[in-house]
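All chains are identified by letter, namely A, B, C, D, E and F, in their written order; residue positions are counted from 1 within each chain.
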Amino acid sequence: MVDSVFMAELSWPEYEAKVKAGATVFLPLGATEQHGPHMAMNVDVVLPTGVCERVAREVGGLVAPCVPYGCKSMPRSGGGEAFPGTTSLDAHTFSLVIRDIIRGLGRDGVRRIVLVIGHYENMWPSVEGLDLGLRELRRDGIVDMDVMRLEYWDFVKRETLDRLFPDGFPGTELEHASLLETSLMLLLRPELVEMDKVPSDGPAKFPTYDRWPTPKGFGPASGVLAVAHGSSAEKGQWLMDDHVSLISAAVRKEFNL
Amino acid sequence: MVDSVFMAELSWPEYEAKVKAGATVFLPLGATEQHGPHMAMNVDVVLPTGVCERVAREVGGLVAPCVPYGCKSMPRSGGGEAFPGTTSLDAHTFSLVIRDIIRGLGRDGVRRIVLVIGHYENMWPSVEGLDLGLRELRRDGIVDMDVMRLEYWDFVKRETLDRLFPDGFPGTELEHASLLETSLMLLLRPELVEMDKVPSDGPAKFPTYDRWPTPKGFGPASGVLAVAHGSSAEKGQWLMDDHVSLISAAVRKEFNL
Amino acid sequence: MVDSVFMAELSWPEYEAKVKAGATVFLPLGATEQHGPHMAMNVDVVLPTGVCERVAREVGGLVAPCVPYGCKSMPRSGGGEAFPGTTSLDAHTFSLVIRDIIRGLGRDGVRRIVLVIGHYENMWPSVEGLDLGLRELRRDGIVDMDVMRLEYWDFVKRETLDRLFPDGFPGTELEHASLLETSLMLLLRPELVEMDKVPSDGPAKFPTYDRWPTPKGFGPASGVLAVAHGSSAEKGQWLMDDHVSLISAAVRKEFNL
Amino acid sequence: MVDSVFMAELSWPEYEAKVKAGATVFLPLGATEQHGPHMAMNVDVVLPTGVCERVAREVGGLVAPCVPYGCKSMPRSGGGEAFPGTTSLDAHTFSLVIRDIIRGLGRDGVRRIVLVIGHYENMWPSVEGLDLGLRELRRDGIVDMDVMRLEYWDFVKRETLDRLFPDGFPGTELEHASLLETSLMLLLRPELVEMDKVPSDGPAKFPTYDRWPTPKGFGPASGVLAVAHGSSAEKGQWLMDDHVSLISAAVRKEFNL
Amino acid sequence: MVDSVFMAELSWPEYEAKVKAGATVFLPLGATEQHGPHMAMNVDVVLPTGVCERVAREVGGLVAPCVPYGCKSMPRSGGGEAFPGTTSLDAHTFSLVIRDIIRGLGRDGVRRIVLVIGHYENMWPSVEGLDLGLRELRRDGIVDMDVMRLEYWDFVKRETLDRLFPDGFPGTELEHASLLETSLMLLLRPELVEMDKVPSDGPAKFPTYDRWPTPKGFGPASGVLAVAHGSSAEKGQWLMDDHVSLISAAVRKEFNL
Amino acid sequence: MVDSVFMAELSWPEYEAKVKAGATVFLPLGATEQHGPHMAMNVDVVLPTGVCERVAREVGGLVAPCVPYGCKSMPRSGGGEAFPGTTSLDAHTFSLVIRDIIRGLGRDGVRRIVLVIGHYENMWPSVEGLDLGLRELRRDGIVDMDVMRLEYWDFVKRETLDRLFPDGFPGTELEHASLLETSLMLLLRPELVEMDKVPSDGPAKFPTYDRWPTPKGFGPASGVLAVAHGSSAEKGQWLMDDHVSLISAAVRKEFNL
């Protein structure tokens, strides 16, 4: 059988052996969400899965199946639920999914889990799901679970951001469907990117509040919140190198690997 | 961009155009579950997704991302939760996931959905999730949603089963990780099957009831409930041909395509 | 006081004594559901309660109050929710009811429970409810609960079915409001059956999938999915004899009674 | 078939006809709860069902199946959950059950429902369940549902209480398993009462607060909160006469019957 | 810093010290609810908080922040949800709030809690919330939590009621926005009472049942269920003296303070 | 009666009149959470309530009662749940509270609501609660609700931050219990601040990920994440002036006031 880092590509005895050997399990948390007219809607699945795959290889871990439906998109960070194709879960549903997966992994004997967020709006419900899952495990007598929870995009060197954004980094939230994500997609799934469709209606100028109902023109009609021009697979590689090395280092440090 | 039947491989404007044109959306409902020592644990993701992909091409539809975590496995149909790697959701969680996806698709304008079950234990919670989702859509004023819900394995000709099981078909439930699933995996993801690891501790002889806690030896220790010997990609192709042609025909008939 | 097998017909000290003596508790799970124009809607309450009563006498157990509202009816197995009088619970509600009863019995000291399903659609939510109840009991320190879960209609001898269906058994799902249930009702509550109202619009010819909304003519308008002609109390007795002897034997074996 | 006021003893066409004719549906809400050493634990099922049966005959209504598991018992009104045999639902579960039944009846076309409480602790969760059920019906377009909710024991004449309690009525809460309930059971199910086992450890002297955990001796060890001596079927008849006539009058007035 | 009995007015080290010293924590449970045209809608916050504050001083305890939104108001006890400004939680929501607060206090080391109800309809959901919270704490290994739950208005001497109601006490439920509450508000927050706006449309004459929808004229249009004329701060002081002395005595007795 | 901007300090007719006149309702969302050894634990209640009060006066609105228990605290933004006194709700509970309040206000006729977050971790569950509440209102036929949701601390001028942090602003998250919050408390409730207890163990140096269990020394033991030295009521006034003027301007603009 293939020697895969993907948990679901292993047979159960293979998985059992790796868990007994102490494998860290990475759980990518994605979404099905608009990412502009120039990219597929699976960006938040492809990217964290790609990062997890590489980090798992580095540190000798496994990657659990990515949760492909995320918590509902907000206009200021992902364009919002009104975009066709953005198909999301309620926060409570999402948290229960995380709770159940954590509980299942814990019962299998997994004792080190890293949640890797690939969709901004998954941040808080993943915190909640983790808390609920660990609470259940404790009540089932499993008290030694070690967990990290991170957004992969936070693991980038200052100098890389400076190279990527000579005019200044617009900030994580606005990067939706923009240069960072587009470059990483060009690296991992170039056939799902069409650079000639990159729009020019950004960057978004959001106020410091949310609005219901979302007013017309609250964000760019394209769904690209900042700017995707200038994206390239090469830049994607710079980012991926940072993500993998910095996350691997953090995981090794925290879990004494 | 690739011309994909996978919804998440489209950009949102491409998806929007297909939905406006009346595309049927297929939603495969999988699991991460032991499938014997000779196969990967993603069988219930790979198979319904593969079926959906082919049917969607036939009828001009789209495939939504497969839900990769299923409702909890039972000993008599999937080996049960005690197998390492079987990582499942509570029925309520699973139903809420389906509810939310149905609601999301309905709001996008999708009016024809086919739920394709790839994991036995997803049957009833998918019924519940559908009922909850349609209830919400009705209350949001969307009353014309047309849905089918099916187990792909039911779409097979009598003659094909006779060819596959000259000694008689043991029945759907016992087929877990057995000849049907193994043959389809050999067709779709042969690198995830190792025929030399096929066990011989089946077929299971289950009583007509469930037991808690699961008694020792309640089912085969391997997790293969019937027999996987004799599986082949060719047999997988026979099955796939039936699944695709029969499901396509049913969908065309029901949705007047 | 009457020496009753019905738990709720005992005083609490009588119940306490029987529980301390190790009584097995049978919990019938029924429904309020259409059963054709010739029978009352309490069939799924009367039948499993009648079976439980007799088995409890055989093995020295108790019968807890039957849950009289079941999980929502499906067209292919019970006619569906559109029939007037079919009054059902959401799957989550039903599971919580089971969870709470299991938890309550467990706290009383009961250590052997048999769930006896009398309504097809209760199968899976009863599994879920049990899992939730046992999970709570474990967390309350009660880890030695022994449970069986069964559909009473599965406990019938091949030869009895052959006697009942000389032309072949149509299968459990289609038997809704048909020969088996009608015969058992004629045995237990003949005043609730009117054989001259038995319809002839069956047997149903269902496709291998569910449909929403239910198409006109999807199943017989009468609600009798197969055929009820030829039902008799005598046949009901044959069935009851099988149910009682086979379930009693299974319970004795599993619980070492 | 029997001409029954019990909804579940009708066939669906009979039920449909009665609903179309405007039948009021009575829903008794019971419990499985200790009622002293001298009575069965189904008192809260038998009594409200018996009242509903008689009132339904008076006003031409139907009785839906009694919910036999109630909301958790409290020491000051029912002895509390620590009594063996008291088997209860969480308030949320109980409310969802009511919600679902109300919704189901409403969809059948029922437009007049009377909830008849037979267990003190069902009061508030029945209010909640009703509110949830009516909320759902409104959202399904059913806005003309008329509902009453009552405790049957409140429908008694002052003079009857004076006859029953020449020394003064101790109040509804303390009447648990005491003279009122015992007399009504002697009327309806005398075989489930053993007057020679009536205890003498009451009446309870409760403080004006609840306590967790319940202190030893907080209430009478027998579970009889007031006094059951002197109960008789004759007194039960006095009560039943009041209950039936007063409730019937109230229902007729409110629903213009 | 101020030496406050209000937990939230302490710094965390001050709070920690008091908890370690065994402080009893009082949790007032209020509402935002109409209280007639002559009073503010925070009566059910002001009154139990005022009582808790004084009792906490007496017995050396702390007062947790009052929950300012209560369980939904009923016409017969609070006027009902139709009054503008009455802003309430579902029973389940309210119970979860109590559950979470109890759990949080328990984890902090608090071992004595008194729930003080200031809003009639909070009674039962506070019981449920407590039960859920204590259940969780037990599963977290905290089994020695001591709790009281009370309605402050029950702690009044017979002679005080006689002084207040020379013509007879109308009963707790009807006292909504009436003499007792108005007098206590005149004591605690006189600027929120306007005696010249006291209405005269009471006392209410309610039947012994609830009705949905609430009929016109079911209760007084003013929202004052009994009579508020004659209220005074002096009478409020009589009540407050009783509440504080009787509750303090009960708490000391139960918790051995 | 006082002419109050606090909704709960009005009588229901006064409130009704203001709602009919189109009053915007401000809902502060607080917490009971450690804020260092030098401040009370009600900071997240006092501050957003104070801001809301002033903005409501500016724009002619009302302030609903502050929710005093927030969503669970995280180590990187509030110190975490391990601090004594931090008493929080699960995210689901918190969302349901918001849902219910929104629904209640909407039914009263309120059509403009501003959620003002005073506790970092309330951000996302307030989004969820709003979404759930608006969903319910839509289904109840109320489709014209206008809502803003904001963190008050985002409404500050660049120049004010520059004045406050001549060495650079450490960022919102780290400001927990630090200069901004301390200065505002010195302005609003100086008696709840003890400047001589301001600790010096910050600023926190957090990694870019969360950890479970929280490692020793993950954040400052004091709970002050940045630096509180140098706080003053004068600086609090600068901040308050910005908050009030900028939020008022935003509300006026969005709601056309």
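The working rule: a contact is a pair of C-beta atoms (placed from the backbone, for glycine too) under 8 Å apart; a residue touches a chain by one contact, two chains touch by 3 or more.
In this text, all values refer to a predicted model and were calculated from it rather than measured experimentally.
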item	value
Intersection of contact partners for chain A and chain E	C, F
Labels of chains that are neighbours to chain D and to chain E	C, F
Rotation angle (°) superposing Cα atoms of chain A on chain F, nearest 5	180
Same-interface partner of C-D, chosen from the options A-B, D-E or A-E, over half of the pairs matching	A-B
Centre-of-Cα separation between chain F and chain C, whole angstrom	54
Separation of chain B from chain C, taking each centre as the mean of its C-alpha atoms, in whole Å	29
Computed distance of Cα centres, chain E from chain C, in Å	47
Residues of chain D touching at least two other chains	90, 92, 139
Chain pairs that touch, as defined at the top of this document	A-B, A-C, A-E, A-F, B-C, B-D, B-F, C-D, C-E, D-E, D-F, E-F
Chain D residues within the chain F interface of the complex	138-139
Residues of chain D defined as touching chain E within the complex	72, 74, 90-92, 95, 121, 123-125, 127-128, 130-132, 134, 145-151, 154-155, 207-213, 215, 250, 254
Parts of chain A lying in touch with chain C, wherever the complex brings them together	139-140
Complex contact set, residues of chain F against chain E	1-2, 4, 6-13, 15-16, 19, 32, 34-42, 45, 64-69, 81, 83-90, 92-93, 96-97, 99-101, 104-105, 107-109, 191-194, 197, 223
